[in-house]
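After the structure tokens below, expect a handful of questions from me.
Here the chain labels run A, B and C in written order, and each chain numbers its own residues starting at 1.
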Amino acid sequence: MIIKNMKYALRTIKVFGLYCILLSWAFVVVAPLFWLVTTSFKEKLDVYLGPKFIPWVDFKPTTRWWIRIFTVEKETLLRPYANSLIVGSISAICSTLLGLMAAYALTRFRFKFGFMKNDDILFWIVSQRIMPPIIIVFAVFSMYRALGLLDNHLGLILVYTAFNLPLSVWVIANFLNQIPPSVEEAALVDGAGPLTVLFRIVVPMLLPSLTATFLLCFVFAWNEFLFALILTYSRCQTMPILIAAQHFQRGPQWWDISALSVLAVLPPVGITIALQKYFIKGILLVGK
Amino acid sequence: MNTLGRWEKRLLLTPTVLLLLFFSIFPLVFTLALMFGRVSFTGGAMTINFAGLDNWRRLLRDQRFWNAVLVTLKIVGIAVLAEYCIGLLLALLLWQRPWGCGFFRVLYVIPMLLTPIAVGYTWRMILDVGRGPITGLLKQLGLSPIGWLTESSVALYSIVLIDVWQWTPFMFLLLYAGLEAIPKDYLEAAEVDGASGWKKFFYVVLPLLAPPSLAALLLRTVECFKIVDIIYITTGGGPGQATESLTLFGYNVGFRTFDLAYGATIAFTLFFMVLMAAMFFTMLTRNLRSIRLE
Amino acid sequence: MRKVLVAFVVLAVFGSLGFAQAQKFQGVTITVFTQPPPYIAKPVMMFAPDWERATGGKINLITAPWGELYTKMYASFALGEAIYDIVIFPSAWLPDFAAAGFLVPLDDFIAKDPYIQWEDILPIYRERIVSWEGKIYAVPVDGDCHIFYYRKDALENPEYQAKFKEKYGYDLPVPPKTWKQVRDIAEFFHGWDWDGDGQIEYGVVEPRRYAGQADWCFFSRTVGYVALPGQPGGLFFDPETMEPRINSPGHVRALEDYVEIMKFGVPGMINMDSGEIRSVFAAGLAAMAIDWGDIGVISEVGEESTVRGKVGYAILPGSDEVWDFATGQWVKLAEPNQAGYLAFGGWVAGIAYNSKHKEAAYDFISYLTRPENSYISVTTSETGFNPYRYTHFEKLSGWIGMGFSPEAAEAYLKAIKDTIGHPNVQPDLRIPGQARYFEAVDRALSRVVAGELTPKAALDEVAQIWNQITASLGRDKQLLYYRLSLGLPPK
């Protein structure tokens, strides 16, 4: 009886401890976000004479910055938002698609280009992500200038697709390694063409991991700063540039930055929530 | 499995390879030219003159360079380790499927979704020694404020803190998936054998987590080496040189003085360091794979 | 039939002439490049519609964040990209751009222009700031100098003045004339609530952040120590030999002040750039500050200001001990040596060498900068344009309309005019490579302030780097350019 109670007590302590840790980290995550959101509702003096914590208790919240964003600054906001959405989603789709094709090829067939075998090719692809962007930026700038790809969507889409490809190839290849080729082989024996096999059989099995890859590529493209800065001027500016531009001759405009950052995080969060079940099931197969 | 003709096989791989070549060949050549050259601008045209190993000699003697290397290594070493440990802890806990785990899963991912610039500004506000909330709380408790971003001894750790806050989700996700992938039978077999709790963890879970761990560590290390946004927004590399990472150093040299040649040299050094790290992890992965096959 | 045809042709010719006159630049699009609005870009946006209506042309405004401005301009010029027609940039970059041939000389345009009133521009701006090797390469749109700000309600308070005298043994000077006095005043007002608002206030707020324009703040503090009247070139180089003067005892002492005053600065000052200190001062947290004209505007007119009407304006303090380069000694003066410093030189508008619409571009620049319109820009808040024409200082109505009280407007304008018109006013460094020279200083400052280097060691290092830069650009050429920038004849 005593032992049973002790076991029960131990378990309760364990559960308590578990939630302590979970909630602590949840607090760590939420607290800065709370600060970010409340700042977007603060008057300038509330920020400079801060810190002011709780709305309605420490300071009177105002919606003027939000209103200004949606009325006066609507034009300035709409364009980067749309640009980010367009460039982000298209480049993510391309990265995922091309990554799928390349990963499939590298895991199902044997290649040999000179001395490079499958593993080497894979490493070369991944190494493209190792290149620090500052090396590439000026070179790409001059290439784009010559090709007329500056300040337009296509230019950014190409760059982001290329820079997220290593990620998508690496992740998808890992997934593919978990799936035994037997199912595909069976289908081929049954007379299905190879492309049909790819799209009708492999893709459905991979769908979760494909959505995971899409999300990661989208987020990296959505939040990218350096290339967007150098390769665009006005037509094709993206959200990160808009946020950075809020640092004026008066110092950072904390309230505007906060409001814009909240707006900027909505699409990635939305996509994450929507794709949640796929996402978790998706990276499911990475480990092994 | 070779029912696809050679060309169809190649076709699958080609777009990827072409796209990557497009963005890597010219930049690589350009960078090599810059590294061994000297840049000047006259009348609208940029000319690169050959300068041999000048840039390299200058780099190796440059105390600022070695400082940046040290700063970067410190940040990467501490941050990635911390992110791994915290991510692992969180993943293990949520793996128990406690009530509300779905909510926690989404919540924990959010920091990674914010633009790094936004994260930088947010933490700059929070760690502000004059008007930030942490200072406010410390004062309320009667303690003196700490210059998180203004004291040389603390600034670097503040950067680590911010990086950990933002990127632990990345580790968490990959490790959680790794845990979910462990076949139930392995765990059940271990339990039948009498192992439980810690034993199960060390002898079954951890080894099975090795591959996703290495994958996550590789990806995160590669990214962390390039850290710049957070530092640029919060401390600008300061106080003094306390938080100037390699990328920021290269950025300051290249963008503020337009000394492209020297900037390219710095960037290449970074590239080389990250390459070494990546190769290290890849080697580990391959060794692990061969061990496990036994 | 022929008569009809002739009539038609005549009508068409006259009609098109008339049409052409009303729509001079019909169909032409001019691209203007500068930093994002409001500062500097706002006036462009204000005046573009009228210009477009009058000329049929179109203005396309492109912007990039301040930190990236130099890079993008240089990159597009250097790589031959013909994107911008008009660039609005800090005049400190003019030597680099002009020497590299990136800008169109404007002398002919200006000579033929009846509207621009070139003589209305203060001499130092029209003759030195925008010219290079005898030609004019840009039009000033903004006048820049550093002035000194202080809180009248603190420094003029009789009770505090008495306490100050007790503690330091001399009368509290309002405004302070030497940096030693500034130090004492800052110490006196540091860390207590002297304006009764329930908040703790501090002594000073000045920029110290790397890449945050702290270098100009340093030079403002140096000018009094090194610029003896009659001895040009004290701030940067020896005008005879091009030897750097950056590590002179005068500079070292200024740097020691620069570090020491931080003890009495607003917490977190080490991370603040020139923009942030403005809002901090306007929020009432400091007793003194150094800045361009912006603090004045923000304090009197800005909504985040709690100090309206409480701000005093003065020329920069100096020193009664000045370093004499001729004798290599300190000299003690009866009256403190206070000189003006044209920090940054001001923003200017130039036309890109590869623009396809130079005429139209000049036309817009002229429209933007003619007296009436520039007066409006200068007296509208958040334009970032500070006064630079005689008419800007003479008419008070615009300033009052902006929100200044008449007394504040007078005091503010007096401080600026006294600085710009000061007999010993020091221009900013205007030779090729300016960005590189200043970058070395900026680096050194941030390291000294973080305690990594001593002032003397740091400035000695900067002197070395400066010599390297000079050597790489050609010492003789640099010497020539330096002398020209000081208004000295070539050797």
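Heads up, the rule we're going with is that a contact is a pair of C-beta atoms (placed from the backbone, for glycine too) under 8 Å apart; a residue touches a chain by one contact, two chains touch by 3 or more.
Quick caveat, the model's predicted, so the values are computed rather than measured.
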From the centre of chain B, which other chain's Cα mean sits the farthest off? C
What pair of chains is linked by the most C-beta contacts? A-B
Centroid spacing, where centroids are CA-atom means, of chain A and chain B in whole angstrom: 15
Suppose each chain is reduced to the average of its Cα coordinates; what separation in Å results between chain B and chain C? 40
Among the residues of chain C, which are close enough to touch at least two other chains? 68, 71, 79-80, 285
Chain A residues counted as touching two or more neighbouring chains: 48-49, 138, 142, 244, 252
List, in ascending order, every residue of chain B touching at least 2 other chains. 131, 135
Sort out for me which residues of chain A touch chain C in the complex. 43-45, 48-49, 138, 141-142, 145, 150, 229-230, 233-234, 241, 244-245, 247-252
Please give the residue numbers of chain A that touch chain B in the complex, ascending. 15, 18-19, 21-22, 25-26, 28-30, 32-33, 35-36, 39, 47-51, 53, 98-99, 101-102, 104-106, 108-109, 111, 119, 121, 123, 125-136, 138-140, 142-143, 158-159, 161-163, 165-167, 169-170, 174, 178, 181, 184-185, 188, 194, 219, 222-223, 225, 239-240, 243-244, 252, 254, 257-258, 260-261, 264-265, 268-269, 272-273, 276, 279-280, 282-288
Which residues, counting only chain C, touch chain A once they are in their complex? 36, 38-39, 60-66, 68, 71-72, 75, 79-81, 83, 199, 272-280, 283, 285, 294, 298, 302-304, 306, 384
Using the touch definition from the top, list the residues of chain B that touch chain C in their complex. 41-46, 128-131, 135, 145, 147, 149-150, 152, 234-242, 252, 255-259
Which stretch or stretches of chain C touch chain B in the complex? 67-68, 70-71, 74, 77-80, 100-102, 209-212, 266-268, 270-271, 285, 353-354, 435-436, 439, 446-447, 449-452
